[in-house]
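One structure is given here, and the rest of the page talks about it.
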């Protein structure tokens, strides 16, 4: 009614273009690590939720793993404490852990509602539900980080059950140790462990970087695809900066444990997830196994 | 890589726009009567197949019911006979029936292959398979039309079974009478009877007309939506031309037997099916029950 | 080894005594509203969790609905606000709602862990998950309570799915309105609405009262069993005090909507839930339909 | 009423005799290659259909694979072409392929109706449906045969699905190559490939020969049972005539790929299929693996 | 090999003749009351078992209900008592009941083994198993018959479960009263009650009579088919002898409670069951509802 | 009402104590060999049935295998024969076998009724049902024992089917040989073979001994737990008396074939089964694999 016929036909073409991608990932599990700016900016947040919901509706099985954004620090300060970090990890005493759990679960349920609004049923869980995530206490070069855990084992039953019942699972990265004490988990690590446990087809990190650069100082050297071997070489070369090292290690681990493709996407680009999946435009960097053929070159 | 970022973002928007439509028809059965130009023109044919395949992939349950195009007449002539019609219906002696069955089944299987090429498994059946369509011999004002049948009962088991097993059923309109003799069925009627039997959400006729006109001589009077009552009034008014009368009767019958919406679409428009379902652009005319609210006005 | 044989035989007798009760409630849903002292006292809390876990293990299908205890007020004060109540209901502005949601979800997950420790898998959800609880804004005699909702509809799919997959569902009473804004719900009301929606066999309120008294001033007049008619008479009589009135109304509503028995139990008594179900000792007051025979008299 | 009691008791004995055979093949898949005279003679055709239907009703899972009889040549001539053969294989240009597909599909559906008349639901498919049969272009000593394919792979999903849903599948030997072009397949080869793919218990060829002769010139030397080794020796001996060689090779391949018994039956004998299965009368020649014990000697 | 071809073809014809009967009763439940001579004569016994096993193998769902033959009296005498009957019913004191239960269960298990030998799995149960048969104490004109019960209710779960798991259930007519005391039940009555409870298509009594006669003194007046109305008239006419009256009442009750056809068969005729079902030879008398058309006339 | 609150709280504690045991054996199969005094004394019998029923209700999957008690000898004598034993095994001619089968099946069904009374559905079967137990004729040092069999193979389908359908299976130890002749089986052996075939978690022998003694003459030397190695040593030491040797061999065989724990319980102690499972009081002797840790020491 309101659009020109030409415009409308273009739309049909876009949908038709998506056909082979929809088909390729039909009923495949895709784990999306959701964090950074895409979580803080309301427009970006709304777009990420739209993207994941669309993936669900066209037959994919997405799982969201999210971080807590800036709210944890805000509440820690409100309670009269000073947020403390060692090596990028939050030092988490029991009061901080209480706040982190409160904030993460609230973020979790607010994501559930955003997905609901788009007509898809989801369930928000933490690593406590169905004993999804068991952790060991993490230490960093001998320093006590408090209630910071690293994933020891994943019990994916609750995820499989929710997917079977057609819910979209949304996971916040909290786990328990063998004494059932509560621990914070780095969201990247949690996403990685979950993707491995459910044999995800894809693991996508939405973060505030454009991807991996051959030379971090030269924006022209963004790498579209990187095999595991190349990634290891690159890390050995010394060119890869601090923050990127653990992320690349996570990517490599995921690939080596059965995930087919890992993507480092720039969460600051609107609909980066949809674009990565439904178009031939490379967004960010894909890590793939040495055996897989590259799409771009 | 090859498209501007802006272009790409537009694409994402189109996909996102489709979200509510995908959701609304998720797991709903849509019967598509496929015939006319959309069957003769290779580009249009390819687009219809793309449309239906996309519907399947994003979670709809389409069923195609098709006609035989012009091939039946070509082979009848080749066999030395003159095609004969009474009141628009082909007079079908046993030799013509043999040819019609051969041609329709071949068209049927060629559609199966086109769908296969797009990565969706389909199965081509006639009304004989699983005893889908039983007919009575049809007579037209006392004149013997030969092996022309009208649907007496539909046994939808085979359709439900194929849908459950995730195949796209493609049906050619041939049935048997109580003596298991073979009969030709008008494809519109077959589509209608099938849509009613499987309680389809939608029944869409792809035909060579733009839709229903309030005044057939005035192209400005195309009607977007028509309730059953309005349709009956219109037919009573005498404005509706000959060919349209039986089609409208079919539409009304379908609505009255539980189909939610019936669409008369202009099959000559590329991707008319997709446009009807995924955009707010009204293509052709929709017949709806008196209780349903109209979308357009 | 360490106990006398006599002692041990007594134990066997207790287990055998439980047999008919286990049989009667096999695979029946029991909704437990958990709040009050039983939530604050660590020993009582541990006993309630043991009770519910035992019910689960011997074949019942318990669902816990819990309140938030005193933590909400603590955090409201910490954030610099003064908790405010009208008619016993917390006035809930958006900041208070944020805190309530954080606290309730954390309590929720801590209950999940307590159940896990006893070897039963549970999942903690709020009314947002699977769109379990939809609310309307509640008003009290024209006064605006802010984000306080009353249950408008319950979508029990998520509960049925979790029970089918053998999880123990633990629900915190938060819901959304039609705009997907977050609302606090009175936990008694949420438990009641859920019990009705899943056709629970039993609904048990663990609270800080001994039960219903014929004469609130005379501890000898505790009523063991009350039919709906008797309850209505009692309320009409004017003897029932303020706090008890809405609770009794909830009980009556539950019975009238298909729940078989509603219990008001004294949560300050150790294992009150187990005692109610597995012994002939009446703990608190049971509300039953007029047709049901009484056990005690 | 109309028969003597003695006669009737004989009938009961025949049914009882069938008992062990019914039991042995209960729920086993039997692939029947149907062609030759048994397809041309109406009485024989009716008997074959009765036989297969009976097998279905008493618990077997038969699959029919059929040829096209003489109709293909008739229609090729009608269209003004001269049927051409090289080495027994029809040279198939695109027009001939079109005719073959039409004729085969019509034969296919007429068999479906015959089975229906006996009260069993069947579904007629070609190798296009559910992508059952993928082929490579076949060449014969360098000569181009046109659209003649040899089976490259079988996707048995559609067959398993139809059997599970209690239909009798009837297959016509048409397949597609990697470009989804249509190809004719030798029906013996198609039956063989299908029997292997579904791990059939039996594969029975109904053909116009009495079986395998030790000495083709001596009718007394018909062989009842032949192990694979014996068959290979026989072929090496040079006694086996031209037409029999490819058939024997098919039989050997089937046995070596997991089919338990292959039968070459004389389709000109009434109810040859039933007799082979339900009596101890050897009809034609059975090919068995070297390990299996012989029934006859 | 050993039979003439002609003989063999006759056999095929018999099997083909059975086709419509096999189809008509496919997956239908048939209750066979087995008793009298057919139980005492080893050849007849073996034939009955063959018949029932064949019915099972070709897709029917038979259930056998049997009596105890002469063994009960033999063991009663061995224990030093004199068998006593009132009105054809065994007076059953507790010792006699013990013997009856022992004998009936042994007969039950021996039938299980006979069926096993023919390759079909069966399970022998009494009315105690799965609480199949609950009884009230029966009195006959005020006389105490001891532990003789009449069926009060049937809990068919165990029968449906065994049929679902593909076993042939064999039932001996023993039940319990509300105190779980053991009672003997008339086998005809038990068969009747079971046939009604499982909505059997057929109930066949194998007994030592040829059927119902219009004039008991004239063997020419055997009635092939009798509607319920005709049966009632016949009983009113006074022509029907003593033993036949309760049997006819049972038949009428079965028809009126949903069993489609009841047959009184002469169990002394070899394979009477098979002949009744698979041929058009009427064996004995069929009782049908007034609405059903007769086969014979 | 009638008990002191203190008493009642003790009861709750007992139930809570059972929690970890209920959890550990949830949905595990437990085979109970039931015989000896526990079968003769009505009180003990009632307690055993209560115990097994409770196990069923709280989620275990018990299977009872029972002997025939003293009734067989009583009936053998009544029939005028003298019971004869060789090496503890009853010499079983065909008449004795007939009696044994009668008696065992009656005992079997009386147990079924006892379980029914407690509200659990059970089914009584012998080794003939579903061809559960196939035997070879047993010989003892060359002496013919008649119809005494040893288990050759177990077909557990009927047990799995009954458990799936929520029945409690009760088995009497009768089997058939390859000619389908009936054989008596030692109940301990039958229980053992069944426990192995269904991969039972536990096998418990209720017998008239207190357990295994290190020194049979010193009641202080009762052994609580015995690994397979220790049991073998003990048997090699010569201390183990005659009757215990075959029982210990059965226990060892069961452990070596996958049963986790075998218990020799003193059936003369009330509720010995419940006590063994739900308390930390060791009743009798447990045989465990060498790898398993001991509970008691």
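By letter and in written order, the chains are A, B, C, D, E and F; residue numbering begins at 1 in each of them.
Going forward, a residue touches a chain if its C-beta (ideal position, glycine included) is under 8 Å from a C-beta of that chain, and two chains touch if they have at least 3 such contacts.
In this text the structure is predicted, and so the values were computed from the model without any measurement.
Listed by label, the chains that touch chain B and also chain C are A. Using CA-based centroids throughout, the chain positioned farthest away from chain C is D.
Note that among the pairs B-D, A-B or A-C, A-B reproduces the C-F interface, with over half of its contact pairs the same by residue number. Each chain's centre was taken as the mean of its CA atoms, and the one lying most distant from chain F is B. Note: centroid distance chain E to chain F, computed from Cα atoms, is 37 Å. Chain D and chain F have centres, each the mean of its CA atoms, that are 55 Å apart.
Each chain gets a centre from the mean of its Cα atoms; for chain A and chain E, those two points are 68 Å apart.
Across the assembly, chain A contributes no residue that touches 2 or more other chains.
Arrangement of the chains shown, judged by which pairs touch: one closed cycle in which each chain has exactly two touching partners.
The sequence of chains round the contact ring, opened at chain C and continued through chain F, runs C, F, E, D, B, A. Residue ranges of chain B in contact with chain A, taken from their complex: 1-3, 5, 8-20, 22-23, 26, 47, 50-51, 53-54, 57-59, 118-120, 270-271, 274-275, 278-282, 296. Contacts from chain B toward chain D in the complex involve residues 78-79, 98, 101-103, 105-106, 108-110, 112-114, 116-117, 121-126, 128-131, 157-158, 161-162, 165, 167, 174, 176, 180, 182.
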